[in-house]
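You will see chain A twice below: alongside chain B first, and alongside chain C after that.
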Partner chain A sequence: MSIGVQFYLTTILVYIGVDIIACLGLNLQFGVAGIINFAFIAFQAIGAYAAAALALGPPFPGDFQHYVGFGPLPFPLPILVAGVAGGVASLVVGVVCLRRLRSDYQAMVFLVVSLIATTVATNTSLVGGAAGLSTVPKPLYSGLGLTLVGYQWFFAALTGAFTLCVWLAVRRITNSPLGRALRAVRDNEDTAQAVGKNVQAMRLSAFVIGGVIAAISGAILVLFISAWAPSGWLYPETFVYFTAVIVGGSGNNLGAAAGAMLVPVLFLEGARFLPTLVNPTFIDGMQWVAIGALSLAFLWFRPAGIFPERARGPLTDKHGGQIERVRAMLVKAR
Partner chain B sequence: MSQFVASIGFGLVTASILALAAVGFTLQFGVTNVLNLAYGGVMTATAFIAYLVAHAGAGLAATLAAGALFGAAASAALNRAVFSPFIRRGTGVFGMIVVAISVSVMIDNGLLSFIGPSFFSLPFSQGRSFYLGAMVFTSTELIIIGLSVVAMLALHALLRYTRIGKAMRATAADAVLARGCGVATGRVIDLGWLISGALCGLAGVTLVLNLATFDTTTGTEFLVPIIAAAVLGGVGQPYGAMLGALIVGLASQVSTVFIQPEYNTAVAFVILIIVLLVRPTGILSEIAASRELAA
Partner chain C sequence: MATPRHAGTTGGDAAAGLSQGSTILATDGLAKRFGGQTAVDHVNLEVTAGGITGVIGPNGAGKSTLLGLVAGALRPDSGTVRFLGDDVTRLPTYRRSRLGLVRTFQTSGEFARMTVIENLLVASPRQVGETWQGYLLGRRAWRRQEAEAAERARTILRRFSMADKEKELAGGLSGGQKRLLEVMRALMTEPAMLLLDEPMAGVNPSLARTVEDHLLELRDEGLTMMLVEHELGAVGRLCDRVLVMARGRVLAEGTMDQLQASHEVIDAYLVG
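The block that comes next holds the complex of A and B.
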């Protein structure tokens, strides 16, 4: 393989890993817990800014970028602290926005949160304003003594390791009693509450865990691309992840991961090879139109996605027959 | 002090545009039960239609009329082509909001594809200035305020005193019950899209009339204050949205006396947060309660 191909391949691998992590986080919130978080990208951004500011350290006198920074902290810490920052931000936003609102109303509120986060990041010098942060150092780059392309492979492997950890953690949650209860809340909130589930607390916990995962995905991405600015995380970016989860199969981790590989990577990368027509923004705009059309098509023809969520219920476990008999008796008695 | 009074003048202009937009948005939700996030996109599209019409030599009145017509037609078409088929197919509230944002992203970026990232402006001068104490209004601004007041009065008359207005209110309050009482809810919903679409179109034209320049993101950027005004008034309540528009419009302009103008939209956000914390159903909340929007 030529060096150029290796660069392209490793870059795509890192993007796939980051997108899978993000889609797993979004799937936990949207597919499992039923929260339409249209501000998801803002939490990825919080993680990215936190990791960037911690890897950079405070701005030196006469620095060309203005931001609030600490450290610099050594390698794994910026990513881990970024995760904590995402969790704290999710907790604050969740407490305000996750009150018992109808889901579309809630989604609208999250959309506004995303728009405002962009406004604040652009117009303050908290995280570098409209120009954002750049020259973020690559973790362990000088210490490892690898060639440029060798480091690319190292980073791809690192991203793979993080993706695996997040996958295992998310699978553990969705298979746990908490995951089961979250699906119950999503499918019928009143019933879940009637059997004694604390609906608000469970939603909030799924929202916070999703926020941590979003922030980790942003932290990994910023350490790879070394720069982050408000124009890169406008609210439609959240919509790409939503489309990915819907196409893959919401509520199913495998579906979310498959969607992450199909939609952001195939769709957005594929357009790179199209010729420039009409004007420079034509391809860029049409890409988004295509993503919108893809999401509408799946919602119309296959709302459960390519890999539908596995049907779970009392009838599939070993006591299923017994429960069914009891139910039949009850129906007859009525 | 004079700065403060002057900012109230600007606030009235913003509130007038916001009232057109927020009442249209809230009416759409009240009558049709769809939270149309593509509303800002339709406003932008209308602004570009107005640009074409105005540059073809039409006067201000004709441009406004064209905007209202296009907004109505586009909204009704959107409902017939997208929202209504999805609802008939059984897509729930949960899915409909994703449908709405899909449409919004498609409209915004479809415009971007063909128009590009340039800035445009309508070829109307602001006209002479009128002084009212410390407040200054250009004749264009007075036309905007007048138009908004007339539109609100007309809507009030429609909703209060006509059969079709009553049918709309009945559908908004309880569509199933209204149908049971012989209201042709399908036709009422179509009409709801037409009327709210016309308001959306007027809002789109007046918004860019008041701005020096606009581009393909202008309408969607205006969505924050629209949502804030609608939520403040209680989503689905036209009168609430009028009140909400007045409060958000005035607050966003008066606040510029005290804080940097970039935080204009942040004021709308703060209002939204406070409403959600204190009273998520808004000030006037009959519909919000019946739709179980918030508990």
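The block that comes next holds the complex of A and C.
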């Protein structure tokens, strides 16, 4: 395999991992708990900026970029602290936005939050302004002594490890009575309260956990690409993740992961290979049209997505009843 | 006489030891206005343990608002609600539910994308698996509790002849089955008192009789209920005591036979 192909492949693998992590976070908020968080991308950005600032350390006198920096902290602390930053930011935003408002109004407020976040990042020197942050050092790059391609494979494996950890952590929620209670809150808030669920607290918990996961995805990405700027996380990017979750199957982790591979990676990356028949910016513009059309098509014709949320029984079986179901199928087949 | 605990359905800890005939719910001067309209006008009521109290009245009489105030869905403008001797006026719905004061809804309140048995399991009280402590400790912390809840849910499903619907999505049930699910889910919370908002609304006569039979069984087992209902025949068959509301006030109370002879009540229904 040529070096170029290896570079391309490892880059795609990292993006798949980052997008799966992000979609798992959004699925927990939207698919499981029913929170329409149109500011999702802003929490990914918070994680990215936090990790970048902590990996860079404070700017030195005469530095070409202006930002508030701490550290530098050794790997993996920038990613972990970025997760905490995402959680704290989610807690603040969640406490303000999730109380008293109906979910459709919450969605509007989240959209406004996303716009405010972009405006603040662009117009202040908090995180490098419109130019953003660059030259973010790659974790363990000098210490490992790998070739450039070797490091690419190392980072892909690292992303895979983080993806697995997030997958297991989220699955532990969704396959537990906690996940069931969150789905109840999503389906009918009033009834959930009537059977003793503290709806506000449960929604806030899911929102904060989703925020932590979003921030981790941003942190991994910025350490890989070494740069982050406001133009890369404008509010339409949130809709790419929403489309991914809807297409894959909201409420189903497998669906979220499949959606992450199909929409942000295959669908958008695939457009790169289209022949340039007209103005090159046309394809970029059409990507957004295609994302909207894809989302609408699924909402109309297959609202449950490719992998619909599965019907569940009691959580007494270790694998959420899957073994029982396979056994029953085998008995039936015999 | 102590309130009997009935098989796998009731008995919040607070209800244990409550004697039949003692006051379980009381409101004092309960009032609620919506804009210029008085929906509930200084209602004083007392519900004793172990029977079914009916609330009837013409449309707009304030019955559902009263139920909402008692359940905690609405905040009163004035007055208090006492449940099992404690002032619960400031408590939100979920905290009243945890104390054993549980309501059902007039319109379908099912968790539509969840199976029937999940609709019941989610209502099981004090679940360790719903806490972050349970999350950290993992399945071994809540497996046994989940198994017990599943057994109790299946007992309730069998009792309501809905065992074959266990794996179906609740959103796909018929209107009548959804009404039964409302009652079953409320029972799963181990209530001390049920607030039923028109449980027979939109249900065919045969299934309505089934719902009635189940409610009578539960009453005989000692569960206290307050029933808002339009169908007076059902109220007559079910309720030991009936309150008549009109224009936000309690107009009269007594047995259905007594009320049917009351000119005041007849006027309220005929004149509105």
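Couple of notes before you dig in:
The rule we apply is simple: the second predicted complex is superposed on the first by the 308 of 334 C-alpha atoms of A that agree within 3 Å, B and C clash if a C-alpha of one lies under 4 Å from a C-alpha of the other, contacts with A are read in each partner's own complex, and residues count from 1 in each chain.
Keep this in mind: contacts are C-beta pairs under 8 Å (C-beta built on N, C-alpha and C of every residue); 3 or more make two chains touch, one makes a residue touch a chain.
Remember, predicted model here, so these are calculated numbers, not experimental data.
Chain B and chain C, once both complexes are superposed via chain A, fit side by side.
In the superposed model, A:Thr191 lies in contact with chain C only, and not with chain B.
In the superposition on chain A, A:Ala130 makes contact with neither chain B nor chain C. Shared-chain residue A:Val84: touches no atom of chain B or chain C.
Applying the stated contact rule after C-alpha superposition, one finds that A:Ile173 touches chain C and leaves chain B untouched. The wider contact with chain A, measured as residues touched, comes from B rather than the other of chain B and chain C. Using the contact criterion defined above for the overlaid structures, shared-chain residue A:Phe282 touches chain B, although it does not reach chain C.
When the two complexes are laid on top of each other via chain A, the two nearest Cα atoms from chain B and chain C are 9 angstrom apart. Contacts of chain A with chain B, set against its contacts with chain C after fitting on chain A, share not one residue.
Taken in their complex, chain A has these residues touching chain B: 34, 36, 38, 96-97, 99-105, 107-109, 111-112, 115-116, 119-120, 123, 236, 239, 242-243, 246, 278-289, 291-293, 295-296, 299-300, 303.
Across the complex, chain C meets chain A through its residues 71, 73, 92-94, 97-98, 102-105, 109-115, 117-119, 121-123, 125, 127-132, 134-135, 138-139, 142-143, 146-147, 149-150, 153, 166-169, 185-186, 188-189.
Those residues of chain A that touch chain C in the complex are listed here as 172-173, 176-178, 180-181, 183-184, 186-188, 190-199, 205, 251, 309, 311-316, 318.
Residues 35, 37, 82, 86, 89, 91, 93-103, 105-106, 108-114, 116-117, 221, 223-224, 227-228, 231, 235, 260, 262-263, 265-266, 269, 272-273, 276-277, 280, 291-295 of chain B touch chain A in their complex.
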